[in-house]
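One structure below.
Chain naming follows the written order as A, B and C, and within any one chain the residues start at number 1.
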Amino acid sequence: MSSPDGTAPPDRPDGTAAEEAEPKIEDLVHEDAGPTPQFGGLAAEHADHDAAQQPAEVMTESGVEAAGTTTATETGGKLELGPVGHLGDRLFGGLARGSGGLVVLIVAFVGIFLLALAIPALIDDKSNFLFSRIWEPGGDQPRFGIAALFYTTVISSIIAMLIAVPIAIGVALFVTYYAPKRLAAPVAHAVDLLAAVPSIIYGLWGILFFAPILRPVINGLSTALGWIPLFEKPPGDNVGVVFTASVVLAIMILPVVTAISREIFAQTPITHREGALALGATRWEMIRLSVLPYGRSGVVSASMLGLGRALGETVAVLIILSVPNGNDPWNSSIFAGGETFASKIANNAAEFDSPEKTGAYIAAGLVLFVVTFLVNSAARIIVDRSTPGTKRPRRNRRAGAAEGASA
Amino acid sequence: MTAIAENKPAYDGKVLDLTGKSGARAFKNTLATVLIVLAFAVAMIPLVWILFTVVSKGYHLLLSADWWSQSQRGITVRRAGGGAYHAIMGTLIMALITAVIAVPIAILGAIYLVEYGKGTRAAKVVSFMIDILTGVPSIVAALFVYAVWITVFGFNRVGFAVSLSLVLLMLPVVLRSTEEMLKLVPDELREASYALGVPKWKTILKVVVPTAFGGIITGVMLGLARVMGETAPLLILVGYSKNINLNPFSGFQGALPTMINQDRTELALPNAADRVWAAALTLILLVLALNLLARLIARFSAIKSK
Amino acid sequence: MSVNRLFRVGSVAVASLGVLALSACGSDPEPAGSSSPDSSTSSAGAECPKGTLNAEGSSAQKNAIEEVISKYNEKCADVTVNYNPTGSGAGIKQFNASQVDFAGSDSALKPDEMTAATKRCAGNAAVDLPMVIGPVAIAYNLDGVTKLVLDGPTAAKIFQGTIKTWNDPAIAKLNAGVTLPSAPISVFFRSDESGTTENFTKYLKAAGGGGWTGEPAKKWTGTGAGKEKSAGVAEGVKSSKNSITYVEWSYAVDNKLGVAQIETGSGTPVELSAESAGKALAAAKPAGTGSDLALKLDYATKAPGAYPIILVTYEIACTKGLPAEKTALVKSFLSYFVSKDGQASLTDLNYAPLPAEIQTKVEAAIQAIS
């Protein structure tokens, strides 16, 4: 825990302990023994535990559940008690183990199956799968490569992140530390509600209502920065471009990233905040010194979660993005059209009429799968590295609410 | 989303603010405040705009009883009338099947991770696999089920196939949240139970799971909310029907996302456009209702340690 | 705890009650046209079986078949017909994979597709039944231009990308007196595989005088930016100035887009109307002989007043080999579709009815299904 004051008491929520689940024995022991986990042997032990548990907290799929998951606790040292060998135990334990095994089987099956379908198509592929931009699967001379799909997928998601993450952090900070109490809760709920809007609606709204007002932005940016190929606008008045899709993606992932960041910021131990303020820090300095360092790993995870969503988004992108024709030279500009993995697959689902074609699309799907997985893994590694020995206070969200009420 | 705590600012910093800040620091503080409020304002514009669009364009159809009780049979895009009953039921049925398959596996898997396999290599493998599953985009899950269900087995496209692909999406969500909830159960409870000679399985079923029940339910509802709005699996794995079909094992079946998808191509026509927004609002309300239900259950079955 | 449990049970019960209540009162809406007394005027294949018919395919006929299904249900209330407008390619694929009972396609089966279809029909041939005739509009969005005239070669060059600006001499020549902007032309095309694209490129190839270099295909090979489905291209043109696309007439009308008149070489530019489309259709010949009903359209027709860009949607069905109940359903529905009643309902939706000669042949072919 990066305690700015260095002498912070163990980071248990203060004054609210009575409201929440009792901390486990080991937790108390650890916490009491290691006040500043940045150094000392205990820190390493913390890091080990956290490596196994913390990323999982926020790496869950929709941000929502992270609400419940920002409460991971250290339970590694729990005693294995309880009678063993009982018939019921063997049955129930077997069931539980079976379910664990089933999950492994399912994932392995998905992976192997997709690979098995993709490999024959990949063997027949007459062009370089990774570096070709042509997509002509099927026929006698199937030629397909993912370079263009990969580029559009990645660039649109990155732009979406660049837009969404700073704003999401701003909104999360606003809700947790700036907004009047009366405003904060409704705003939080409104943002949450947006995560429930189906993506197809984001797509429709994006192209029908939002894209027209983006046109001046696109024109302005391309006029100012058009000498950079990335911002060079092809002739025409088309707004179904990568930039539009990126902005809509940003809006789509905003609620997710905001929700998780907000949850994490709110859990900054009050002692840290008080410590900073007691030293004469301004509100911003308090945030910079205590809230942001504390929430960094969570924000990274939330962002990666959002990125994963942006990478895999299908229908909204399909509706918004225009597709370049096969004759024009490839255009890397964000003001040109493009196709992402997901939109390509969905748009051509009607074409899966031969195993070779299907295989080609499944191969593209596999790449998307791998990219998404790499992003998730990267998030885990970043979180592990950037926060050595950090351990969040044990607290569940009900306790968080209780704390808010008691303050 | 909705399960997240009501974040009332826990602390009013002004009480401890010291006077006499230097100009640069005060400026930075003001600048930060302005930027943060600005970020909030910028974020609110599109979000309010979308919600306003959906609600204002969709609400009036929802006010009629027909919307909740009739199908779209015989209603062409140019005509008004009919309802979303077929699609609501389709969505609910598919979601229910998904939950019936995914929830037991997820809960038992979580029990395995927390109660049985903790710290073992096998548990790490399971945990890793769940992370992979978390990263599966919906279109890939749909492709996989298409390959198995239709290409290999030669079955027809039906609602059940959609549910199978949704299981892949729901499983990791529920498993992870359940895992976290089980971890929150204090060990004292387990130890007390063991001390009374209660076998482990009974301890889990009678002590651990009931204690974490609220959280588990929340996770299930959130998982459901996540899968109910998915469009891609529906496009690939089931035909859309305007008629009521309550059998997920046979024939085309309507669902709210595909109902939106069907009419979105005719947005230039007022009746079709009305239905698109109304169906979207219905879907949002369904998800919202689930979340409220989850919250209610969570609140009234919260872990009470004192 | 007991209170909690009670509440838990209670809320679950309330939730399930809500679902039950919902499931108890679901129904189909009253047929919209039940008041029209003449809808029972019967024609061939009047008997109404019971069951469900699933079909999929061309989105060009979506509005037509929806209307016909609606009308058909006024007559045969016990038949449920589902149609998924996912595209001609998808329709044929799903038909050949036995996922649907018949398919809608904007082009007749090609030989290899016919092979697969024969396999699906348990060794019996599949038949292409021309059913819906829809003109394809060249729709544009040009400020201040309410009348735009194009001819085959000019259109071909615009869509090929060799004519790049609106004030190109070739366009200006056809539109004397119209102020054309010097802006670049934004072309939109269908990014999905589409029968509309195939028919439109057939026109460009036939009437383009070499201006169109590609081969007619479902996949676009010209210039421009691709949008998904007819709705996508229509929306693209609507929201982008100086743009042009090809789209089914009804989408151009619904989206209030400008529709280009076509100079076919007859001397006067032809405006798109049900009448002008019908005239071109009269020039259509059966492509094959005997029972093959695939039509050969004369895209390069110079007949006065004939609008040449026409799209025919075929229903593809098994001549034999379906289970008896499905056969009865297919026959019953398609008989209604081709009947005067069925076809008459299409003109309001910017389609053209089948010419009488073709209609008779199709009726006979449907009766021959067993």
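By definition in this document, a residue touches a chain if its C-beta (ideal position, glycine included) is under 8 Å from a C-beta of that chain, and two chains touch if they have at least 3 such contacts.
What you are looking at is a predicted structure, and each value in this text was computed from that prediction instead of being measured.
Chemist: Which neighbours does chain A have in common with chain C?
Modeler: Output, common partners of chain A and chain C: B.
Chemist: Which chain is most remote from chain A in terms of Cα centres?
Modeler: In terms of C-alpha centroids, the chain at the greatest distance from chain A is C.
Chemist: Out of A-B and B-C, which chain pair has the most contact pairs?
Modeler: Comparing A-B with B-C, the pair joined by more C-beta contacts is A-B.
Chemist: How far is the middle of chain A from the middle of chain C, if each middle is the mean of its Cα atoms, in Å?
Modeler: About 41 Å separates the centre of chain A from that of chain C.
Chemist: Could you state the distance in Å from the CA-based centre of chain A to that of chain B?
Modeler: About 16 Å, centre to centre.
Chemist: For chain B and chain C, let me know how many angstrom lie between their CA-based centres, rounded off.
Modeler: Each chain's C-alpha centroid was found; their separation is 37 Å.
Chemist: Counting only residues that touch at least 2 other chains, which ones in chain B make the list?
Modeler: Residues 264, 267 of chain B touch two or more partner chains.
Chemist: Indicate the residues of chain A shared as contacts by at least two other chains.
Modeler: Chain A, residues with two or more chain partners: 208, 319, 349, 352.
Chemist: In chain C, what residues contact two or more other chains?
Modeler: Residues 235 of chain C touch two or more partner chains.
Chemist: Any idea which chain C residues touch chain B in the complex?
Modeler: Listed in rising order, the residues of chain C that touch chain B are 3-5, 7-8, 11-12, 15, 19, 22-23, 25-29, 31-32, 52, 54, 56, 59, 62-63, 66-67, 69-70, 73-74, 80, 82, 84-85, 94, 97-100, 229-231, 234-235, 251, 254-256, 349.
Chemist: If you look only at chain A, which of its residues touch chain C in the complex?
Modeler: So the residues of chain A in touch with chain C come to 207-208, 211-212, 235-240, 318-319, 322-328, 337, 347-353.
Chemist: Taking the touch rule as given, give the residues of chain B at its contact with chain C in the complex, in rising order.
Modeler: 66, 68-79, 81-83, 85-86, 88-89, 92, 150, 154, 156-157, 213, 239-244, 246, 251-252, 262, 264-269, 293, 296-297, 300-301
Chemist: Quick one: in the complex, what on chain C touches chain A?
Modeler: 86-87, 89-90, 92-93, 96, 161, 164, 183-186, 188-189, 191-193, 220-228, 232, 235-236, 239-243
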